[in-house]
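Structures given as structure tokens follow.
Below are two complexes that have chain A in common, paired first with chain B and then with chain C.
Right, the complex of A and B next:
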């Protein structure tokens, strides 16, 4: 799992140079638009847009793997659960004896799946194209506490270290004769002798780390801190961010108007309400 | 200095630098607990050991933040599906933290109570997320299949999700709390007493540990002046 941490590889694409805050705005704006829109068509369209963006950012292959690997099982399960047993089912379109599929439940399932995929897909793209240090620097620039920034970065760094330590301690305990194979009870018993030393040595580490940070003035409040990584906002970032917010507002207004029955939407494949 | 509500101040006092550096460690323990489970091929999650341990050391709100960060971390490196379940982790951290604060970790029946509360809170919160965010299934594991089977039998989405999750939670959290308890009992008293909730153990002269606890509560550790 340690290799999973180096999830950021520079590919030099435009999405990578985009300001991290703009990408967070993009995740929220796209996801909320899909959620607000009364049926699943906008979500489906946004998933297609995200696929195109992923291919442009040279992430097409892993992105498709995520979308299909998550989307297909979830779609099957939700079509069964919601389609067969949702309380909003009125129109029955298929009857297999033990389960009766209703149109409303299936539409609800389709909307759920597309909304989830928009959120997941955009979050995945943001994550894969953003260096964690840059993200934290951007967050502290807009006023997030530097302590929170420290926590995010430290967690990302500490975990691979602890995994290494876990492997070393496991080997050491094996050398002392600890049995990590065999029956369920034997394997369960091996848990404490491996985890215990990892936890205790990490706690001692944390103590030293705390003292080191304190001697460098980590606990001082109300001072301006400088960051090693600098993030500059460009005009393009600003334009994209505003465009996304406008899109969200437009979708929200249209959805509200539809809910109040002011306008009929041209393509409406079943409403969720 | 502006007036601060005592409740807010008590939360702030939990976040000393000593507690802050513990949080990444606890997040790490949560995650390698899960890794170790898959190495030993155990059919469990065990992804809350660190949350329980830090609840014993630093208090409920630090523990809640640790739960939140664990799920953020999982979302960043593994799968974004885990992000909404942060709600369940945060609630579990708070519940365990306040129960430890009430002194339940010192008695055997208290530990059992913590186990039951943890299993119940996690079941309800995680099921609520599964039903309201994901519509009943995340399509990731055997639990979803169990949910679907129950659904055919009882025909109610909420009940099916709740009961399939309650079974696995009772087993999983029982072992989690037991392991966390054993590990915390193994930590030297000298080390424990420097944290806000230092005296979870009965070992050693009770008066000393009480003095330590009072000291840490009244003056949060600050080496550097403001």
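Right, the complex of A and C next:
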């Protein structure tokens, strides 16, 4: 029995009650701030903030898994490539013979990684704490066309749906004598024949759903729709949203001013102009 | 001797829903058995234990005396055949022929044996002239028979059908009846979940009624359908002709027009 198709499970946290648009604003504001700031310190600070928010939202464990699972390999890779071979490198801090690590490249890599993590982490938190239906309802309320809304909803649902289907097909294969447990080779061999029907049936599913929607009047133009899911913006959502935008504007102004040489920033590690 | 036995079988889904609440059931021999009951009664959950697709949360399932937990589902496939409700979940190869040959090939059977079975079984399920068609180009009915054929090709001693009559036309139902009779003749145990009471009363002597994760009644078809209060509790409606017979005050439980007419005649004679 399939209950919730998207990856959302209600945990009753404040972040869950936040207006979906505020959360979208948060993802953009935090991510762009980390990107605009001349060095990696702001990004690193924001990652820490996101970790705290994740723990407050009872998502600390999976969040850390994501951050470390993605962050560590990417950081190692980027530190090696940028640190060893970036054209910005002037100050050499280590020499391993075949590669010489430059401070500038390492700093650039650190900024890339923290910015990526801020985007990824905030998007993950938004996704995990927002019921997809509510997100789409909020988007259509602010004027996004319902067709685009459906597109977002459908793409958010496609992965969990495929996972469900995969599980059922695997059961059916087991029932016909194909072992999908076993070692890596057995698993791979079992996966190949599954892919065909999974992809094909998702396509026919999408087509059928499209036809169903049409027969229920989804394509009617020029009508103001009533929404089954109502999203109300509270004062707190507005305040948080404005705060985030202000933060972004402040970061942007400071960064531009630093860039033009108007002000020196107090703690600046290896920012490059 | 073929047998399926469950002892205090309990199953709880990940969501916490307790789908089976201590089922004790013993199915033996080659008399086909029907499992009926309302949606959500636990029918599919129960039969998915017979080849280990689901594993008991507590209690035991014994297949021919062997605990189901001792083997993987793939290893049970040759003993217990399972035909899923939705054929789209089961067909994954390019031709009907490959679908039918898949199971026996997995079991490592001889090519000659497979060819022989293919001829017999493709005829039985009515797909002998569609062997080179892609399963996705079959009609819904044919797809269902393709999945049935794919399972029968492994010649399992126990065959489970989950809702085989769903979406079938008259010809399909007739073919199914033929298949169920053939299985009994070949000394195999056929267990079928169905909502179609006409189909059940026509083809099965033994009926198991499930309700809310328990077996409510288990017995001869006449006996089960002569207990209106039990049927009402399990939300199962007997076939219309049975209701007519009961409303007319017949002592026997009837399932066919001929049966009704005979019973009426007999009752009249006894009254004279």
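Note that the second predicted complex is superposed on the first by the 207 of 273 C-alpha atoms of A that agree within 3 Å, B and C clash if a C-alpha of one lies under 4 Å from a C-alpha of the other, contacts with A are read in each partner's own complex, and residues count from 1 in each chain.
Here is the rule we use: a contact is a pair of C-beta atoms (placed from the backbone, for glycine too) under 8 Å apart; a residue touches a chain by one contact, two chains touch by 3 or more.
The model shown is predicted, which means the values in this text are computed figures rather than measured ones.
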- Please work out whether A:188 is in contact with chain B alone, chain C alone, both, or neither, and reply first, second, both or neither. first
- Message: Tell me the contact category for A:180 with respect to chain B and chain C: first, second, both or neither.
- Response: both
- Message: Per the contact definition in the header, classify A:13: touching chain B only (first), chain C only (second), both, or neither.
- Response: neither
- Item | Contacts of A:152 with chain B and chain C, given as first, second, both or neither | first
- Please indicate which partner A:141 is in contact with in the superposed arrangement: first for chain B, second for chain C, both, or neither. neither
- Item | Between chain B and chain C, more extensive residue contact with chain A | B
- Message: Which partner chains sit in contact with A:169 here, chain B, chain C, both or neither? Use first/second/both/neither.
- Response: second
- Item | Contacts of A:74 with chain B and chain C, given as first, second, both or neither | first
- Would you sort A:123 into first (chain B), second (chain C), both or neither based on which partner it touches? first
- Does the superposition put A:209 against chain B (first), chain C (second), both, or neither? first
- Item | Residues of chain A at both interfaces, chain B in one complex, chain C in the other | 1, 180, 194, 196, 200
- Query: In the complex formed with chain A, which residues of chain C make contact?
  - Reply: 13, 15, 17, 48, 51, 53, 72-75, 77-78, 81-82, 84, 86, 88-93, 102-103, 106-107, 136, 150-151, 154
- Query: Considering the complex alone, what residue numbers of chain B touch chain A?
  - Reply: 15-18, 20-25, 27-29, 31-33, 35-36, 39-42, 49, 53, 65, 69, 72-73, 75-81, 83, 134-140, 144, 147-148, 151-152, 155-157, 175, 179, 182-183, 186-187, 191, 194, 222-224, 226
- Query: So in the complex, which bits of chain A are touching chain B?
  - Reply: 1, 4-5, 7, 70, 73-78, 80-82, 84-86, 98-99, 108-109, 112, 116, 119-120, 123-124, 127, 132, 147, 150-152, 154-159, 161-163, 166, 170, 180, 184, 187-188, 190-192, 194-196, 198-200, 202-207, 209-210, 213-215, 217-222
- Message: Under the definition above, what is the set of chain A residues touching chain C in their complex?
- Response: 1, 3, 165, 168-169, 171-181, 193-194, 196-197, 200-201
